[in-house]
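Structures given as structure tokens follow.
Next come two complexes, and both contain subunit A; in the first it sits with subunit B, in the second with subunit C.
On to the complex of A and B.
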């Protein structure tokens, strides 16, 4: 059970990383200028005593390291604390916002992978043809254009000018059709979800698509020049099988790494895309938390996103070990 | 040349069309391979050995192309051109289609063992899986039978515990073991001809010896013919029946192996032999061949070897010798492309010798026209 042991080993390794994340975020959030209590009172005139009471209630009068220890002792019991600004448990707030973000990021990834891999292979087999040059230009534009700008342009074109697709909000399939008085059936619900998801998905996925497409092309070209491809040809393997099997399998290894590592870019991009498309996800919640210096909420979201990223990297490593037989599980040390 | 040869190559020309010009990598070579013999293709790096052997399978990579000549395998035309009605060269009617070469020739009839055992196996598939794929593709075996055959072949080439090794990946094999796997692949497809393209060059000497012994045994057992591509005269002496020596895209000497070693007719072959350590001769110092091989993009005029040849005379700059029969041994001709032999009669003896220092580069006076 090498793979299982390896997985456990990697999960254990993630613990110090996550502790590091909590320390850095805690320091950054608490050392940022501004006072959350005064911000909450929005400039109302109140006496110092009230402020002190509030500070005492939320433990803000304690020294920094003690506040951190208090926070961490709650965290290990699954308690993310209480949002002072919204007066709700942080875990409840996050839970309601996690779904839309995951839906957005995963669909953007699905879009990127589903388009980038065929296009990359296409470009690799038509190396230096006009089609290859076009794909290079498209990729260059995709990499260098900020996703929020793509989002705004998509809204202007498809929502404002053409009126084909909605410009904001999401329809959550997990709420069921009952939750929407303008939707009756399940198919209609899924259709509406897809309609709402299309523009933000493309806006967020374009960068990933462009990156992946170029890497896929390079990897395929390299793989197609491999000796093992020459050998397969010499034994009469049809060109299509070489492309789909022999060259493709080897070429996918770096792609998996890129997908895993780009998760951070995608999650970061989601923050802006949620803002542009008015989606109530973690990203929007995060921006609101920062604006109101809601320490507990900032901490909670950073930890969740950090955990998601760490898990993404672990999944990458594990699938790499699973796909590439040359990767050992670290038992031969 | 008693019976019909298994493979006949006639005036084969393969060229690479690069930005810098046309590279005549293989420039009109002819040779034959008979049933059950091992034919050597010898020469320095860049002589065109590998391109020639890949041409036999019509697997020349872009921008290379076979531009002339004829390749016949058991009466079937792998490559052949004819003159069309308007004087243009076109592919002959009876030339095998790309699909036919792929499905019926590659693997089935002519298999290959490549030089680099470390890179030739696909790193993400098991050794057994790759072997089985080629067996299924080239023989009427499938599933369990193909697997059993693959394991049998692994055992045949001397891989211990073939059942377990079948499931392992190439990185778990040593270089010598991988080369054995490649040999198993070639033999498992039951071809009549195997092209071994420097199969032992990447291996260390002891492993090289084992591999050569293995091939020798298996060749005897299966009766497969081989084209053995190498730069190593020692290997040639050990394994080949007949030898073709290549220099700059041309076969300059062709003879049965003993004849070649004992009655060498071409100065280049002689130079190759002199540059190699031999246990049967004690020499103070090895004699390297002066200079480097010129590039096939602009070969020297006349005889292509003349800038490096110790016997070169003025006539060698002018006359380009086609190989001619200069002797006979064991019923095979001994061909050499050197004008110093009487068969050429172009006035070598009267021609003044070229001045001592052999020139080191390709750009010889007298222009580019080698033909």
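On to the complex of A and C.
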């Protein structure tokens, strides 16, 4: 099977999962006590006729399975339904929020990978040294600290106390400098983006960094004990080359899998980080939707975030198959 | 696979060989020898003791839940010396800084919250909420997952396929998002900590089920299961007496690490206002409240986070150590 066919195969495999996501969110949103319209009104007094009219207009008086079929037939055409609360199509509401979340999550990943891999290798080569112990303690603290609290601490230190960095909002590079009257040039725009992104990126990326660092360390230790490393040493290959060429490549494969699977944690963490840093992304939209019990919007966001995760896993799977020649493109499941 | 169920007859005892390897005594000895696990156990034990103490002391619940405290936790401890105690500021009159601050008082070692309640007492009390949330919701996932996972793994076939599809789907939605949706909708728009515990527990059932399943799959092929089958032991009894006890060790490690993850998620949930509700002294909820005072009182945001960090670190250390102790392959 070629790479292209493997990609197609993985995409097809993802379809049941995507359908599953819609079923779970649909059931959760619709099996709630009380109907969606009444729930959305949150106990406000409105006359029954109005509720009935709204329900009829949005097909909420139909039985559950028919509503699901209606919803799904819209969904396959890219129609996420209409937010009753905001009186806007759900897809319009979500589209402008995708960019900030992607920027945040991807930069957090970049930060995590760029720091975790060198630190993990460093710890593995100095196994049981003080440096190794310190790095292990740092990783332990990293996996044990809530990301939103790291965010709060970073704001308190770098924004409130020192005043070096902004504590909220993002500057979007895709808007161009014209969109901001306080920014004139492109370099300045990118500089401002980086300044705004730095704290949320570190807050969201720390957990990923710590997780990856632990895996990298274990993998490198295991890899350095492999037969091929022993052979290379016996041939007198310099230690640096062994580290860079022989041990490193093999150790990276599990890392790729972890990166894909951790996307779920990162996307969930983005909800909290966007809340703390006032970033208008999908996560903040989710909180807003939950606050107003806007169930169409909640379903849309859950489905989109679930899809983002599925796509992320497929990308890592494909890159895994691409990097490791031993993988036979899923001929054998 | 046709499995003889009707024959009845005698039941064989647990395999001695396997019991020696995975047994409780073996685990306890290993944990005792492992520095990481021991330290984890100390921290977890410390937090557990505090939560037990706050559970027993009814005075404490009165003063943590009440608007203004007439008695503080520090005063109950003989280690603090505080002859002149200043009255706490009333609601809305501002809050006391921690004791090391010039305006602070040893009666309120960590100061007071915006409602004038002693912050130290609330932090101490918060241990009970976090620990019970972590343990109860992990138990829900553990028990549910063990039942579903062992049945699916043992019988295989359609039940197994269905379980794996559900697991893949639940994996795809970030836990925090799934739990918020669950909590908010199932509670009918008024979430509280009970729904949060239930939501976290149910969300992690498939994750536990998957781990149990893979263990069961390997145990299913063991000779002693074959022997039990041959001697006509009923499937239900094979699962209960042989499969579950022998697949226990890896799940136990996972459960310990999971308590930490659960506390982390529920802290996030409470921080957003979908977990513990005021006036429950939960660390996440306290961070939610103090978020509004980031400029006026920095310290309010610091303490609950440190408490969360220490607790989760304890569970993680213990889980790591347990893993080392139970899986000798990882040790060297």
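Throughout what follows, the second predicted complex is superposed on the first by the 316 of 333 C-alpha atoms of A that agree within 3 Å, B and C clash if a C-alpha of one lies under 4 Å from a C-alpha of the other, contacts with A are read in each partner's own complex, and residues count from 1 in each chain.
Just so it is clear, a contact is a pair of C-beta atoms (placed from the backbone, for glycine too) under 8 Å apart; a residue touches a chain by one contact, two chains touch by 3 or more.
Keep in mind that what you see is a predicted model, and the values were worked out from it rather than measured.
Student: Is A:228 touching anything from subunit B or subunit C once the two structures are fitted on A? First, second, both or neither.
Tutor: A:228 sits against subunit B, while subunit C stays out of touch.
Student: If you count the residues of subunit A that each partner touches, which comes out higher, subunit B or subunit C?
Tutor: Higher number of touched subunit A residues: C.
Student: For A:249, using the defined touch cut-off, is the partner it touches subunit B, subunit C, both, or neither? Pick first, second, both or neither.
Tutor: first
Student: For A:309 in the superposed arrangement: first (subunit B), second (subunit C), both or neither?
Tutor: Once the two structures are laid over each other on A, A:309 reaches subunit C alone.
Student: One more residue to check, A:17. First (subunit B), second (subunit C), both or neither?
Tutor: It touches subunit C, and subunit B stays clear.
Student: Please indicate which partner A:287 is in contact with in the superposed arrangement: first for subunit B, second for subunit C, both, or neither.
Tutor: second
Student: Give one of first, second, both or neither to describe whether A:106 is in contact with subunit B, with subunit C, with both, or with none.
Tutor: Touch status of A:106: no partner.
Student: So in the complex, which bits of subunit C are touching subunit A?
Tutor: Contact set of subunit C toward subunit A: 165-166, 168-178, 180-182, 184-186, 188-189, 260, 264, 267-268, 271-272, 274, 284, 287, 291, 294-295, 298, 301-302, 304-305, 308-309, 312-313, 316-317, 320, 330.
Student: Can you list the subunit A residues touching subunit C in their complex?
Tutor: 16-17, 20-21, 23-25, 28-29, 31-34, 39, 42, 140-141, 143-146, 148-149, 152-153, 155-156, 160-161, 218, 261, 264-265, 267-269, 271-272, 275-276, 286-287, 290, 293, 295, 298, 301-302, 305-306, 309-310
Student: Flag every residue of subunit B that touches subunit A in the complex, lowest number first.
Tutor: So the residues of subunit B touching subunit A come out as 57, 59, 102-103, 105-108, 111-112, 114, 116, 119-126, 133-134, 137-138, 169, 171, 182, 185, 189.
Student: Give every residue of subunit A touching subunit B within the complex, in rising order.
Tutor: Residues 226-228, 230-238, 246, 249-250, 253, 323-326.
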